[in-house]
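I have a structure I would like to understand better, so I am pasting it below and will then ask my questions one at a time.
Residue numbering begins at 1 within each chain, and the chains themselves are lettered A, B, C and D in the order written.
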Amino acid sequence: MLSAPHLNYALLAPILIILGAALLGVLVEAFISKALRSRLQIGISLIAVIAAFIQLIRVRNLTSTSAAVGSVAIDGAGIYIQLIILALAFVGLLYIADTDNFTAQASAIPGSTEEASSIAAGSQQTEVFPLTLFAIAGMMLFPIATDLITLFVALEVLSLPLYLMSGLSRRRRLLSQEAALKYFLLGAFSSAFFLFGAAFLYGYSGSLSLNGIADGVHSSGANSVFLLIGIIFLSVGLLFKVGAVPFHSWTPDVYQGAPTPITGFMAACTKAAAFGAMLRIFYVGFNDVQWDWKPIISAIAVITMVFGAIAAIVQRDVKRTLAFSSITHAGFILIAVVALSKNGLAAALFYFISYGFATLGAFGIVTLVRDSSGEITDLNRWSGLGKRSPLVASAFSLFMLSFGGIPLTAGFIGKFSVFTASYESGNINLVVFGVLTSAVALFFYLKIVLMIFFGESRSDTLTVVIPSILTRVAISICVIVTILLGVYPSLIFNSLQTFATFLH
Amino acid sequence: MDIANYLYLSAALFTIGAVGVIVRRNAIVVFMCVELMLNAANLAFVTFSRLNGNLDGQVASFFTMVVAACEVVVGLAIIVTIFRSRRSASVDDASLLKR
Amino acid sequence: MKANNYLVYLIALPLFSAALLLLLGRIADKWGHLLATLVSASTFAIGAYEFFAMRSRSGVDRAITQHVIQWISVGTLKVDGALLLDQLSICFVLLITGVGTLIHIYSISYMEHDENRRRFFAYLNLFIAAMLLLVLADSYLSLYVGWEGVGLASYLLIGFWNQRPAYATAAKKAFVANRVGDVGLSLAIIIAFTQFGTVSFAGVKAGAPHASSAALTAIGAMLLLAAAGKSAQFPLQSWLGDAMAGPTPVSALIHAATMVTAGVYLITRSNFIFDASSTARLLVVIVGAITLLFGAIIGTAKDDIKKALAASTMSQIGYMILATGLGPIGYAFAILHLLTHGFFKAGMFLGAGSVMHGMDDEVNMRRYGGLAKFMPITAITFGFGYLAILGIPPFAGFYSKDKIIETAFNAGGNKGWILGGAALLGAAITAFYMTRVVVLTFIGAKRWDSMAHPHESPLLMWLPMAILAIGSVTSGFLLSSGSALVHWLQPIVNAGNVEGGKELMKPLTVSLLALGVVVIGAGAAIIKYRTVASEAPSNISIFTKAARKDLYQDSFNEAVLMRPGQGLTDTLVKTDHNLIDGAVRGVGWTLNTISSAARSIQNGYVRSYALIMVLGTLALVATVWLVTL
Amino acid sequence: MKNILTVLELLPLFGVIALWLTPKENTKLIKQTAVAASLLTLVESFIAVWNFDIKFKGFQLVESYNWISAFHIKYAVGVDAISLTLILLTTILVPIVFIAGWHESEDGRFSPKTFYVLMLVLETMMIGVFAATDVFLFYVIFEAMLIPVYFLIAGYGRGERAAAALKFLLYSLFGGLLMLAAVIGIYIISTNQGVGTFDVNELSKLTIDQSTQNWLFLGFFIAFAIKAPLWPFHTWLPGAAKSATAGTSTLLLGILDKVGTYGMIRFCLTLFPGATKTFAPWIITLAVISILYGAILAIGQKDINSMIAFTSISHFGFITLGIFALTSQGISGATFYMINHGFSTAALFLTAGWIVKRRGSSQIADLGGLQRVVPVLAWSFFIAGLSALALPGLSSFVSEFLVLIGSFSQYPVATIFATTGIVLAALYVLLVVQRALHGEVKSGNESMVDLNLREKLAIAPVIALLVFLGFYPKPVLHPLNVATSTVMSQIGVTDPIAKADK
């Protein structure tokens, strides 16, 4: 008699909790009154994330096994990435909880009476919460998926909500909608590449699972052209998600147009999820053909770092600058991918944390700097912010310094560990490029710091709003993490010693 | 008929889709081109399924169809919103975010 | 050698006094000069005591040392702060403290009306301390400390009235020219260390016989450079004339009697180097001969009494340097001339100061005339000095200068003729310009206007002049009778008791010859300057013009060193800004430009983004295709 | 007493906490707190000296704790004579800077409190950077200490301060990044040889092939050459010195830049002896160029602070010359030079700072005749200048001469060129002395007031030390000799023997 497959629900529970909460959120949106809705949604989301986090902690020692009939791998790195994503998502949710950033009614035409009346009525739609939870679920699934179908599904589950969320901004809605459109079209375009690549990998190895592909590499005779096309096209899909050059074009536009809390959430969590999946695919699936893909990924790493750093120099919009900064960091993480070692994996994981929290912190501060028409993202108008609000300026500078990799911030340790891993694997050239790029990147990070503290303040309309408690907590968390991990990174590294492994 | 021809067809479809994305202005058409690319991948899956003698590829193509349907839902929502705002479905009009 | 615990006080007392006077400030204004003079006198007392004690000892026991501190000790380099008082240094100690004390006394009165008299005395004491350190040092490096110390004191004193820009410039010029010489001294010490592993006189002396001649020549040449800087010898002579910007007692003490003779001391002290290198000796005589003529020629055209005397000093030191280059026998004569010169030149400078004091600080001799009547003591003491420098027997210069001329002739061959001739010619010119000074100043018609009230200087000023005048008369005889000084210095220089070269002429012949040219020179001056205009004539020969312009020494320095130097500085300042910093800024500019270009790729059209992605993918495919081909 | 060095590092930080509790408005109390903290640190540094065994070769007062065990990184501190003297220089100069620049903190962009917080944080880092015996720890502090300096320059300076500060920071960070690559490199090598450590002692025992040595050496060296700064990496310095306050400049040139030359000895020499010998002739060339170039540009400066900066470039040339001569006189001289240069630059910057503050202009042309108006200030500046031109009797002479005497046997031609630098030194000092102190009193200077008691108290110990060490350098020089001989035996070089020796 056929038995039902053993799915190992305990191990899948974190994802299921999030998905369940998302569905609950949909119901809340449909049935609960306006007054309660918002708070309830926040509560559900935060509790779900915390619960998922706890569940992950509980099962952390059951690692190195697979679940859902081998579709996902529950291994050290998988658990760790999921924990990172949840932690980052938690902070992201704290920003998103400030619903003032989101349009009251997404379907209303910008500037219409309909929109005005819904704002006046205080009727705030809160679909952003279930969407976020769906995205989180997709992000959690993406890096642990071990077969191409699951990967593709996870990719779409994480992407589709993000497309929508990008269009939800309350102010400058045209830009926001445009961002959503661009993100969606290009995202779908890249998905097609991903899928096409997946098809060829399947064609090459006859298997959809990463292990199967790895095995296929061993058995000679298969058509290696399929393999190469598969790797390239699959990589394009992944590189698009992480924002690597030349598949980065969407990043600045979407980062700028999307509501800032979403941008922060997206920048931090998507990067971790997409790189997590990429690490798994390359470490597990393509490990034995590394000589075929290492050169091109190395080249892309270099181009990405350099392009991101250089292009950021003349940017005048803070969100676009941060977008290019995220591109640069994608390049740095790619160095860790190319290292293809346990230390490389550990370095990448650490980097997710250091980069993620600094990014969330930076975007969090962007939400605070406003004038009457909303956020000010023109860097020129940030000039002299330090005088107006030293605390906010200091925090923002801290994040910039962390991005720049100044010692005693987490960003430095991240860079150090990435370079160390890369050097260890013999990719000394990448280290040199990384180091030189860091110098260029410092140029614009420090220019921002300079402008904030020592520029003359030009606009009188600029105000730094008093942040809500949740936002305050969120930024504080980012500050603390950035400093703490800069001073005592062993907090993370000690655990990475045991966790930075993939199940083969 | 040589099974490779299916792959050539798949590649051709994929290329046509990609070119379409690049050259067409109407957002709906662009989106349709993307769908064409997804279907090209589907064709490849099915072909390889045949080639490899297992059904995994066919299963994958079903998943793809479902996902594509979801994409349509989200995509059309976005395109319609932007059409309502701008009275235009041209992707070139949506180019405020730049530089 | 015997140890002694008192030597250090020779240096410590004036140093302490100088520091005290400077630190206390105005509080010490009332008694500062007295303290300084007292200290100076007490150093003379110590010096005199040590001199007699030394005389009472004999042989190697005469030299005494004191180990004060362990100064520098790194690796094999060990330099102790130790003092050495031997027959050579005691001469200098007595000269420095003796003349120094007299000049302190003189200055009490001379500087009476200067509000910064205390500071002046502090500087004088500082000078005494540094100069004593210079001559008491037992190693080149310790000597160097004194060497630069006197340079500092000289700088401070030349620039004493530094509110006048020209004086400040003169001070700076002196210091910088001295520093050029110091490069020589530094290098000499450094080479000596690499050769001998030590920088003490004793150590270098012991090692000298084993060193290569190239090394010895190098050390000798560098020492000569040092001497040239400090002693205003060619080619570093140009600062001395300007140094007359300092108060006149300073010119007497530092720029006539003591500091400027330090070069002679250095070469004499390093006799073991020069004895071993004929090339170095040759360089020395060349420099000496050129300078003695150079100075003399300049002296003929100077209207400023102090500058005329300064030129004379330069010339006389040229004689000394010449003597030191004439082999073992010459050193003692150099020192002999140095000592007698110390008396008569200091005396004459003080006389010049006295004249200026009486003439409202007028220095132009063309505005003097007939002053003997108004300041007889000054005229007489100056006259003694005058006779001494001319070498009229039995005045001091006769004993010392003739010896040098004689030894120069005896150098042998063409060298002897040339050097002897130069020395003799120098003597003639000396007679000419010194007579000119005396005639213009003390004799003839008065050329000063009615505003001036020439008068004799007070006791405190004429007393030192008188004492120095006595020295001008007697010192030559005393020091050379029975070759007293030569024997006294025997253990230090010319220990082998080397005789001079073959006598070219009998000493008497040389003396008569010298006397003859002196008479000619003096006579020419008397005839020419019987009457003189109070303004310098402008229709003058090219030679006079050259002499007035110091033989174009400053123009030369300006054209060859200063202007190219300024040009270099300006160029480098520009280069630094445009090229080196420009390169850095260029990097920034390039990044900005590339960045702007990168920015334009981001054109906002979704379709072009898609195109970039497709192109990127194609590039990847192409790359892989090429790589795996 | 245990943990002397850690306590020493923490004391200024306690001062920071104390400042934090002090009300922002009570400027006087803030200043007193800061001075008290720095004096306490000074006392503790004397305790460190008291517990230091001069004869012991190697690091003393060592402490070591695991920090980032994944990379074998330790918090490891310890001192030898070289680092201890530099720490002492730090602890002495910081209170002097506080006392000398009593009002420096008041007209900045930030509050006085922030000024002292930054200064004390900087002091902690300066002590830490010299005490670190773990290369990673050194690197972290080396980079992190730039941040407080950046804010000190840009927040409290004059003129183009923000741009100058940014330039300073970018230059230094760029060098630091190259060094980071080298730090990682040597760590990987140690891992490959089975040690896996950042401990400088352990690392010096590695065997590294020549070409790797060369690359790693360059990584370290360029960072230090920028810091030091050596020609042609110097262009950040004049701007920074021109813009920073006197106190900041003092610490920047007096101590911070010493990290560069200190690093050359501690890391370049001991970790890569082979590469050191390969590159020494080139570095000597750069050093000599620096000496002459710095001196000539100092002559050409119109701004008093940038003039001092260029003199420092010249002096750093001497220090580098001494280090890479690889003789005991050279290295001892260079290390001693670092101390002396610290004090003499401090004296120059502080006195120049007073002059500039009183006159309201740093253009040399605006000064003139100061000796008549403010004699004590003028004298202090003059003595500082004499120290800069290495007048015998002042400590800088001893070190400069040691450097020259130590280099000649190895690089005679270079040394001769370097020696001519002493003429240029006389020129640049005396030119500015003449223009600023001598001559008629220029208009605008008549009403300047002379030093008050506080300022006299600040400058007196510096001048006293310059004179004292000039005549009796042994207390510093002797311990340095021990450290130098240790360094030399680590590199495996010995002093040349005198040629004429039998």
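Quick notes on this structure:
Here is the rule we go by: a contact is a pair of C-beta atoms (placed from the backbone, for glycine too) under 8 Å apart; a residue touches a chain by one contact, two chains touch by 3 or more.
On a predicted model such as this, the values are computed, not experimentally measured, just so you know.
Between C-D and A-B, more C-beta contact pairs join the chains of C-D. Separation between the centroids of chain C and chain D, computed from CA atoms only, is 37 Å.
Remark: chain A and chain B have CA centroids separated by 25 Å (rounded to whole angstrom).
Each chain gets one centre point, the mean of its Cα atoms, and the points for chain A and chain C are 78 Å apart. Annotation: 65 Å between the Cα-based centres of chain B and chain D. The set of chain B residues that touch two or more partner chains comprises 18, 21, 30, 91, 94-98.
Residue numbers of chain D whose C-beta contacts span two or more other chains: none are found. In chain A, 181-182, 185, 189, 193, 252-253, 443 are the positions where the chain touches two or more neighbouring chains simultaneously. According to the touch criterion at the top of this document, the contacting chain pairs are A-B, A-C, A-D, B-C, C-D.
Residues 181-182, 185-186, 189-190, 193, 224, 228-229, 232-233, 235-236, 240, 245-247, 249-250, 252-253, 292, 295-296, 299, 307, 310-315, 440, 443 of chain A touch chain C in their complex.
Across the complex, chain A is touched by residues 7, 10, 14, 17-18, 21, 27, 30-31, 34, 37-38, 40-42, 44-45, 47-49, 51-54, 56-57, 59-60, 63-64, 67, 70-71, 74-75, 77-79, 81-82, 84-86, 91, 94-98 of chain B. If you check the complex, the residues on chain D that touch chain C are 167, 171, 232, 234-235, 293, 296-297, 299-301, 327-329, 332-333, 369, 371-372, 375-376, 379, 386, 391-393, 397-398, 401-402, 404-406, 408-409, 415-416, 419-420, 422-423, 425-427, 430-431, 433-434, 437-441, 471-474, 477-478, 481, 484, 495-502.
Per the touch definition, chain C reaches chain D in the complex via residues 22, 25, 69-77, 81, 141, 144-149, 152, 155, 159, 162-165, 168-169, 171-172, 175-176, 179-180, 182-183, 186-187, 189-191, 193-198, 207-208, 210-212, 215, 568-570, 572-573, 576, 580-581, 584. Chain contact summary for the complex, chain A toward chain D: residues 346, 386-387, 390, 401, 404, 406-408, 412-413, 416-417, 419-420, 423-424, 428, 431-432, 435-436, 438-439, 442-443, 446-447, 450, 453-455, 488-490, 493-494, 496-497.
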